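See the structures that follow.
Common to both upcoming complexes is chain A, partnered first by chain B, then by chain C.
The block that comes next holds the complex of A and B.
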């Protein structure tokens, strides 16, 4: 019984650690950047957060199922170039482009899920391989940067409603989508399979199908990330999402989700993604010379990952 | 064992608390003083200037940043400007959008940008001008009308060396071409102009290959071309590859027979200098990293409230003249000035403050 209590406390602790990191990051950023609370600074910051937040939610679902998707960034790229080729500056075709992006995300996720769940390849290797397929396809679809997103979409993305940036509303919408999903049977199965696949199997949870679902949902959020990127940049680029993959894994870990699967949630990952983006801001406003920024950025992320891991460490000692 | 290892309430509380903090933060923004000291108009000296550069892999870009810093220091001594915020890193379009947002949030008065894309930064440029910031694109013009392009005429740049080469090989002469990257806007503009020159002069272009603006690639491509086309009289190439092309022609032992259009960089000029004794001639048109300095002069004038004279701006593009060309008659002079620099150094030039002022009413 005490073991259970410790466990619960451990999860709470890691949630607290994530929120604490967010508070510290906001405080440091605000102190270094005098106009941090101005409407433009807030709007532009949130506009930067959305793509990473979306992909981090997707990665969380895959990780919770006991997997890892290293092709999510490539899926973002592929979905975004397909959408930009279809929309090509016309607002009329935007709904079609959104549907196509979502379709691409779901299809990529389904392929990953089939490879991992049915062929039983190691998720890291399998999704690393499919990432080349997806980024290769992206290059075929859009060989050089170009295309344009309707002016209305890029403008709306930067707008605010009653003083609240649209991008923030999008982040809230992503979080709500996660909360809805979490109540669904599929996500309960995902937690069960990620926690202990054999026990889940014994309890009549359809393990293979659940794994496929996790990757499909990951692809769905990758597509949402792609749409956010397009609204942010206003143009297509065949390499645009690739850097997001590892950032999404870092956001998941900072958010307190266990890479072993089964424990955690996307709420923490949302905050983790925001912390990651704020760290990049802080480094700029702290006047770190450009040559050193990557180095400092990496060091701070290691620190954040370590802080996110401390509660888990304490929990193990207690047990 | 009773509880499923599911996220606990603490989680949800944490996530909700974080969201609420951010929401409150967002809503309080309207009470702000609308900050940012970017609000246009003349004479709010000293000015803060931002530089956004999305590629650091070449000496040319390093020179660009160094030159800007030196010119900035002069203005700083006079109290006209106070801070230069440099955002320079290898990045993609997304990263450059972030660079520009950082500069906007830093409250700069003007941004000088060497853009990674002709079109993909338009939205963020509008954010900048919406905050009252003047934006100047250098090296590569952008499509956004919110931005003032301060660039050299790439077509004119190519025409000078193409005309020289056409005169050297004469009507009916055979040339091969080593271009930069097909599809790149600067490459298309340059090659479009050079091709016209060759057609008009009756010069046969045997083939066009890409050398990626890279010396090693240029050398390899030229070696292949020499093997494929034995009857070549000349080769037209862009900057960043002429040294490689020279080495390929030299390795084939054909320096005396094949005319090479060169570049105004020290590495190539060193080879040129050594080969001059054997009658080798070439040409190097300067593609100046100092474009950033010219843009700085323009930015200060615009921030002072000056208007561009109607004849000096075409749409939103200001064409700055090509500083000078290195050829047989001027070689000694420029080699004397630049010979001590490293091989990667590009001969440079920029508008003086007085010359820049002449672009304004």
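The block that comes next holds the complex of A and C.
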């Protein structure tokens, strides 16, 4: 039984590691970025966090079910270009655009889920393939960057309520949405399927349907991410989601969710996403030459993943 | 007269080359505890699973209350009132005990949101009657994976009971229970019987079967050989039904060995094991010499695999030692054990023995690469290929090309690759853990020839097998293990399938069988 104790400890330790990384990232960022604690800087920082936080929550759900969704970034792109084409600068059409984005996310998620659960393709292969479909469609819908989001939306997104940035409220809302989902039967089944699919099947859990749900929920959060990006940038871009996919996986790992599935939660991923966004900030303010930014960003992500993985390694050695 | 509650007939199920069920069936009534018996591998678990919906049979009918039932999955079985406790536990370790007990049937409020209090109440009620097994404190909120094996087993039973079955399947449900836990379980089973529930009970402990069950159906090689009233049957008769009237199998003599592949290191060796204890092993001592095949028999899971693993440096040894030609074997490292000349051919080849998607050649040469590496580093492609080719020829592995992934081979040929991988390392001690499990008959014979060849070439061979016929055909001696200790040693003239079964079941030795 020591193995299990070690495992539980591993999760707690990695929770600690996640928080430690957040503290370090905030400290470094605050020392480099002038006026980091000013309300303007805080607001614009949180505004950039929301899309990554949303997609990280979606990826968490898929990973917990024992899967992986490499098309989430492409889903963000597709949902955002569809929404921006519909809204086209008009506030009246904004609700319709929101509905369309959500519909796109749910549909993409459902397609992924069906391919993985029914055709039983490897999640990595299946979602890598569908990611090309989604980004291809996005290029058809919006071949070059353009379109505009009503300024009421972009203004509200960077506003604050009683001194609290709206973007921070949105992050809290995403976390609350996760907490609500956690109390739903579908999420319980997601944990069971990711933990031990055979045992779940024998225990009357509808395994295939649960897998589909996990991808559908992933698509839902991709759509929310798309809406946040639009509100933040004010216009559409058919490549906007490219880098989000891997960032979402990194956020999940940094947040302490086991890639094998069944163990972890979105709370850690939210922090993981913020850590990653802060790292991008730090690189910017540290005056890293433009050509090296990507390289440094990658190196820092690998370092963070390694740190997050150390407890797991210790566990394996102890076992 | 009303029809029997459960009638299964003509059930067949094939796994690759293995006919697990070949026309099995049973008939049982409500308010009965019905034993399902048979030697290892006779198909008991598979028959249970076809009833519980986790295995879909190739043919056969299931009637419940006289009506033909189609069981396409666990949910169908549940709708028919069947709940099962499987031999391989279906507990999800990361969920709490409560979450496990209600899994799949979680009580929910509107829109599918979980009703945690109702779940706790239901789990508590199901576990309540086993309170004695948890020293009075129900671990409802602990992760199930943190419980001991016996406690997890009880959680499984509670989970099945929470489904309020009309038919309850208990497949080796007592295997990891303590005496007190077994007593609690039996009280519960008797209550269920009084309430008209049919309990299908599989156990290798015949005393439990006689204490609890009313009738027994016996399987052999996937077929039902009969159903008996236990009150009118004794142990001898049950064993005779389980083993059949198979002719006494003579133990092998060196001369039966056909032209054998020559692969082991020459020379003579002696392996002496003294007072070896580890997790699930108690004070095991024996000596084996080169050229000898020592069989390990007994019920499954009595420490056989643990013994092999301990000899291979893969278990934490708490006492005792194993000495090969006067030198103690390394205790803590399979890599060092391999260097000392020990090879382990694992039974679960899918998980431990091979890299299914990698080429055959790579799989063959992996364990022995350091022998051919120049300056311990560089590998020469030609040498690797030569070594692999020679092993394919010696073991008569049927392959397309060395570059094909191992997963393209049949089960028997896959297992030969696993054996060959270790033989390339020229071991002095070969440990085989159920090497022909799931392998078809023809390939079995070839693997037998390889094993005999290893012994003839002077290797020390230790063979664990769940197949008693295999033990009788290959072993010079058999150690029968029970609960981690050597219960009996059978010499060459005492090895027969019947003797193996009765010894495994711990009937008094020398009974007239």
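In this section, the second predicted complex is superposed on the first by the 314 of 319 C-alpha atoms of A that agree within 3 Å, B and C clash if a C-alpha of one lies under 4 Å from a C-alpha of the other, contacts with A are read in each partner's own complex, and residues count from 1 in each chain.
Following the convention adopted for this analysis, contacts are C-beta pairs under 8 Å (C-beta built on N, C-alpha and C of every residue); 3 or more make two chains touch, one makes a residue touch a chain.
Since the model is a prediction, treat every value here as computed from it, not as a measurement.
Enquirer: A:262 contacts which: chain B (first), chain C (second), both, neither?
Expert: Both partners, chain B and chain C.
Enquirer: Kindly classify A:15 by the partners it touches after superposition: chain B alone (first), chain C alone (second), both, or neither?
Expert: Touch partner of A:15: chain B, not chain C.
Enquirer: Going by the contact rule set out at the top, does A:195 touch chain B (first), chain C (second), both, or neither?
Expert: both
Enquirer: Using the superposition described at the top, determine whether chain B or chain C touches more residues of chain A.
Expert: After superposition, B is the partner touching more of chain A.
Enquirer: Output check: A:28 vs chain B and chain C. Expected answer is one of first, second, both, neither. What do you get?
Expert: After superposition on chain A, A:28 lies in contact with neither partner.
Enquirer: Given the touch rule stated above, what does A:185 touch, chain B (first), chain C (second), both, or neither?
Expert: second
Enquirer: Is A:300 touching anything from chain B or chain C once the two structures are fitted on A? First, second, both or neither.
Expert: A:300: touches no partner chain.
Enquirer: Using the superposition described at the top, list the residues of chain A that contact chain B and also contact chain C.
Expert: The answer is residues 4, 7-8, 191-192, 195, 262-263 of chain A.
Enquirer: Quick one: in the complex, what on chain A touches chain B?
Expert: Contact set of chain A toward chain B: 4, 7-8, 11-13, 15-16, 18-19, 22-23, 26, 33-42, 44, 46, 48, 143-146, 148, 154, 158, 160, 163-165, 168, 172, 175, 182, 191-192, 195, 229, 232-237, 239-240, 243, 256, 262-265, 267-268, 270-271, 274, 280-281, 284-285, 290, 293-294.
Enquirer: Residue numbers of chain A touching chain C in their complex, please.
Expert: Answer in residue numbers: 1, 4-5, 7-8, 183-186, 188-189, 191-192, 195-196, 198-206, 262-263.
Enquirer: Can you tell me which positions in chain B touch chain A when the two form their complex?
Expert: Interface residues on the chain B side: 1-8, 10-19, 21-23, 25-30, 32-36, 86-89, 92-94, 97-98, 101-102, 104-107, 117, 119-120, 122-123, 127, 130-131, 183.
Enquirer: Give every residue of chain C touching chain A within the complex, in rising order.
Expert: 52, 54, 73-75, 78, 84, 86, 89-95, 99-100, 103-106, 108, 111-114, 116, 143, 145-148, 159
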